[in-house]
Amino acid sequence: MISATVDIKVPFHDVDMMNVVWHGHYAKYLEIARCVLLDKIGYNYNEMKESGYAWPVVDLHIRYPGPAVFGETIQVTATLSEWEDQLKIRYEIRNQHGKRLTRATTTMVAVDMSTQTMCYESPQILLDKIKAAQP
Amino acid sequence: MISATVDIKVPFHDVDMMNVVWHGHYAKYLEIARCVLLDKIGYNYNEMKESGYAWPVVDLHIRYPGPAVFGETIQVTATLSEWEDQLKIRYEIRNQHGKRLTRATTTMVAVDMSTQTMCYESPQILLDKIKAAQP
Amino acid sequence: MISATVDIKVPFHDVDMMNVVWHGHYAKYLEIARCVLLDKIGYNYNEMKESGYAWPVVDLHIRYPGPAVFGETIQVTATLSEWEDQLKIRYEIRNQHGKRLTRATTTMVAVDMSTQTMCYESPQILLDKIKAAQP
Amino acid sequence: MISATVDIKVPFHDVDMMNVVWHGHYAKYLEIARCVLLDKIGYNYNEMKESGYAWPVVDLHIRYPGPAVFGETIQVTATLSEWEDQLKIRYEIRNQHGKRLTRATTTMVAVDMSTQTMCYESPQILLDKIKAAQP
């Protein structure tokens, strides 16, 4: 299982009138962890673009068992889950006491940029990159 | 069915390197439509707070069949879906040609602010507000 | 004087723990008004790109005499101020009672995208567009 | 001189259609460095609130000599500049090669939260905190 973890200190500008992180900002935290994961595979957004494929997020699902507050450090873990047809990544966010605050998944699909068509199977380059990165 | 629709002109600062709206920004569009819906019911965030309840989003699910681009006007519709135990709202985003770009749902639950405990049933005030607003 | 005004309803996600709009979000409000102004001239970001020039903001100055709060409608006015060498726009944000909340200026300069060099004078296309748009 | 420096890896969601960080996002980078500086003094937003004062940003000025791009690590330095009447902080952002990308200043003033009036001099608590933190 290929995974990556980042620590994020919750900034003031992400906290709303109810004194907790506004729910929409978690998509940023997920992306920061996802990009560390994609860097591990050697296939982050820049490499995706160079390979001729865009990989839009087509599905985002976040559950929020608990809130995060200003100034605390949260730990975001992204784990590669599926890649044959789609690139599916699972996430967990925990606070400093190990309490789980958020669970999420994102699903990305390859779009061939030369034809602007969606791919029903992941292009070979992703499979090769993941194979090479596997422990 | 209580529902609300708003037009949003996609701003430059929501568009990413791939020339489409970054997927995380849709949570803002949903909230703008949700607040118009909640205004219709007379139970928007300020009234929620005054009534002694916070209503955090505990689940956000967005599917993205198609992208939105800079400068286009999208139409976001929020429809009340469930309210007995949770406040569930469904969303659709369409472009100017009526093509569906996004489908989403948010689930909010009441938290009693005096005890900081989650309510397993929606408080009476929500039920009353919805009853009064129904056509 | 070429100018444009837009009404913006302050969204929940722009408001911080102190119950006022977080100061950094005003850059978005300015851009929304700026784009309406640029549309009036017929030289918005897409036309800029097509003309071979990028127009990065090289200076942003915002003063905040008063705060804006969730749900209120603010009025943002952008006025063309200088254009010979740089594209300078002035802004005012007022609340519903006409009270001035914010004053700002942005300065943009043309960058020739083919050579990636900054222009010391505005390209002819901007001057022509402004001339044609003047009342 | 009291100062603080943080490294920030530019996230994908901060980069616009022109492949550079959108100018408005720099206000977030400044705040991240500012909060590290305020932590050093022991007078960050939470302590401000507890002391009975809000400290809104009343003036933001950013100059952008050069752009930042996706994935690069930028270094943001915040330096305390004035504090007798206002809390003025200066910022510099440099890229990995030491090239200066941004210069900025923010000015904050104390607002007595019990009376909602602006203070013409900084409250004693700020002066004490700074004195204690000085090297």
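Which chain is which? They are A, B, C and D, in the order written, and residues in each are numbered from 1.
The rule is short, and it goes like this: a residue touches a chain if its C-beta (ideal position, glycine included) is under 8 Å from a C-beta of that chain, and two chains touch if they have at least 3 such contacts.
For clarity, every value in this text was computed on a predicted model and none was experimentally measured.
Of the two chain pairs considered here, B-D and A-D, the higher C-beta contact count falls to A-D. Taking each chain's centre as the mean of its C-alpha atoms, chain C lies 23 Å from chain D.
Chain centres here are Cα averages; for chain B and chain D they lie 33 Å apart. Averaged Cα coordinates give chain A a centre that lies 29 Å from the centre of chain D.
The residues of chain A that reach two or more other chains are 12-13, 17, 24, 27-28, 31, 45, 70, listed in rising order. If touching chains are joined by edges, the resulting network of the protein chains shown connects every chain directly with every other.
For chain D in complex with chain B, the touching residues are 12-13, 15-17, 19, 22, 24, 70.
Those residues of chain D that touch chain C in the shared complex are 17-18, 20, 23-25, 27-28, 31, 45, 49, 54, 56-65, 67. On the side of chain D, the complex with chain A involves touching residues 9, 11-13, 27-28, 31-32, 35, 44-46, 70-71.
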